[in-house]
């Protein structure tokens, strides 16, 4: 029984990793479990300059999920590589740096920097944050901008390049194909859905930034369909994310076409969820007598044409 | 205290009506409450020809909601106007006919027919069904098709014309404006989100049609944001729909910018929900000393520029 | 159809997988509840949105109690299992078209939890002077409800394990029965059992009724979610399990 | 921080709005729980996704019990109210940076349910030989916890209705107090109270600490959701209520 999966040039010992922004830099979880257990460590989005983030309130509960408007609060690249990277580089063999920029140049700058650090094994481009006024989702919904960012980063960055897409588009397969053609080694599907909650008492949006991104089990059926559709559309590996809160939910993503998965909001609800999931996936393979988890990827497409 | 609202040329005695497809033709609910209580009666989508609908299974539960792939099963226009219309025309003063077509001509045909019947007070164009292979969401995501359908129906149909949009687009305000410019008197926002559930045991999609439309509280934050955004973009009234399961949820939609609301999946869970909601809204106006529910529409925008 | 509040009176495990839920409901609704009809039960638990359909396994006009036999499947049935006596519970009932109770000799064929509606049917047939034989197949003791055997005279149990009735499938029982001695046949069980029964019952000329299951959103005809393919009047149509059924003419159902 | 299972030992209503929940937790965690720290409590109820933060109002090292005073607000606190004794309950604890317990005379200013962490603090200060005066303001009897008054010698109650302590706001109490006789001041209460207290406390030179609330997703520093604006080292920054707080230097907090 084998949980190993391949994403670009990387071999992960198992397919479970945190979703960017839901795991801090990993340090907060050290009390709860050994981060070496994870398939990879994905950090909160880093930008070139520090960002304070949006006005509070920034999080709120919604039915079967949550909404956030953190706004990519982060200490910026310089602080990250001087102060944080040294603390976290030994937490897991595979460190994936998630980055966002307000321009193509910022993405390139960060990619060039990341390339210098051996301990950074892959980049995940966040072109899908709904909570910033510049860049973010604006790039992820503009096909030309997406192509330009991915191909210009590709020119600079020689290690594994992952592109994280937004679900807030008419047809995600178009963006998936564009990212693949521009040189992405893998896709992360999906970031949050834009949404809003209104406080009936104050008669105003609850979040300081008014709208935010919805995550959690509420968005899972949409995420699963996007993974399913993109599995048919591209041939690079897909990292599935959106509402994974159980072994069954994770399996849905593998069957739909994911090679690996990320856990987001569930980390808040149950900080020890990921190691439990890894154990349960291992048991599942044993019970079902499946030799490798990679065999599950895309199984739900059996019997279809063109697959 | 006054629950009256205006949609196009119609004055509804209250702003609560069923969402198409979740209330049959109303007949199933007669045991539970007097349909005269409703602001309007919206029927299941009618097409020109009868449709059997999709292969079962057609419904399944998802986290805080459900997914369906009914596929616009309906007896077709002829049967509807001969056998059903006579049975339901007296159930409520305001009967709204929801229609869909596989072509502009079918929409026009149905509009012309509907125009002949005094008991049909308004049309709701369903250009947003995710569960049919022709038309449906394909029209609702294609801006040109949308404009053409709305304007060609507008030419024929002189009563109140409502267009129901799909949330599965990058920017719904673009479609909202297009529908308004093409002659719509009001918008219904939103239809279901496309999604998929995979049965982990059989390793296949649960639904016979594989994918379906997600509804229920899970989609409410997205629906509220779309109503909020479109309220700024258009000046025709908006009928808000998506996950309304309580008075608070309904109020969110009014505050975001809805003039009226529709209740969908909650009708299945609590068939007497709508009359309860109407009572609770009335009490709310009293408690808050708000003279008319219309005063709530768009209140969450207070303090913003351009509103 | 009414949306009522019932009161849990008893909720006891029969095996690790099956429990018996008895609910007291308002008197006036009792006469409307017939064998084959069902209730949509509201479940107040994490993540559960839709109601859950369960067949009536018994109605006691004197005590005002209705009985359900429930198999633990997922989050809904797990939550219902925990309901304490005295708990209020919301139910939409009665729903659906029930069995046609007929005189003479009836053969009832139950697979697993499919025994639930057939128990009620057997009682009704017997009350009306009819004769009943039950073939009751279960996987193992976890799926077996002993009180069924005590309630009727002629019950033949089949189990896939040895030590409980005859070893074999319900189908074995059906095959070894002289069907011609029965005036009608009633079935309820998993799809695989019904599919396998099709050829065996092909030449049987009497009435055969089956109670079907399907995923349901509403349970009362409003959503069109519970479609089942039926061949009737020379054409294939979709019927609603919740309203046209759950009891159908077995010969017309396309499985 | 540990994700533990506790056992509900007592869960009783104090008023219609407030209840007291006592949970037995594993011994080894008890010494880490300090006044001002809190737990994120998992709620198993319909629609609830995130955990809920509650301050420790007491810890008993002998019995291993922790106490929460909880005000019924929405679905989470409504569900917790129903937990029967013996029920297992999952909690992440202890979280946050607590109060700085200081010697001398302390003034504790509580608004409503803000009394919860201050009760624990008062006990701790007293234990360490300090002196405590509590100004405890409530809207009405529904928000009033009588056992607070019995637990400490010097408690002054203000209520917005007559018949319970002095009539008025907590602020009235604060204004009529000679602050200079206190070595430090601790606050916990609704935002409106804290805002109103700002000018009153402006010239007070001693330490003022406040325990803040904010919406939280994680409670342990991972989501950055609980931001509060703080003016410190000559610049405005966002701090995390869950990790940098919930106790902050009142003078630095931007309300």
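When the chains are written out, they are named A, B, C and D in that same order, and each has its own residue count from 1.
The rule we apply is simple: a contact is a pair of C-beta atoms (placed from the backbone, for glycine too) under 8 Å apart; a residue touches a chain by one contact, two chains touch by 3 or more.
Just so you know, these numbers come straight off a predicted model, no measurement behind them.
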item	value
Approximate Å spacing (C-alpha centroids) for the pair subunit A, subunit B	34
Centre-of-Cα separation between subunit D and subunit B, whole angstrom	46
Centre-of-Cα separation between subunit D and subunit C, whole angstrom	54
Distance from subunit C to subunit A - Cα centre to Cα centre, in angstrom	46
Residues of subunit B touching at least two other chains	62-65, 216-217
Residues within subunit D bordering two or more other chains	47-48
Arrangement of touching chains [line / ring / star / complete / other]	ring
Pairs of chains, among all present, that meet the touch criterion	A-B, A-D, B-C, C-D
Contacting residues of subunit A [partner subunit B, same complex]	62-65, 67, 141, 168-171, 193-198, 200, 203-205, 211, 214, 216-222, 224-225, 228, 243, 248, 251-252, 255-256, 296, 299-300, 302
Interfacial residue positions of subunit B with respect to subunit C in the complex	21-24, 28-29, 31-32, 44, 52-53, 56-66, 68, 70, 73, 216-217, 265, 267-272
Subunit A contact footprint on subunit D (complex, rising order)	1-3, 42, 47-51, 92, 214-229, 237-238, 243
Partner subunit C, residues of subunit D touching it in the complex	44-48
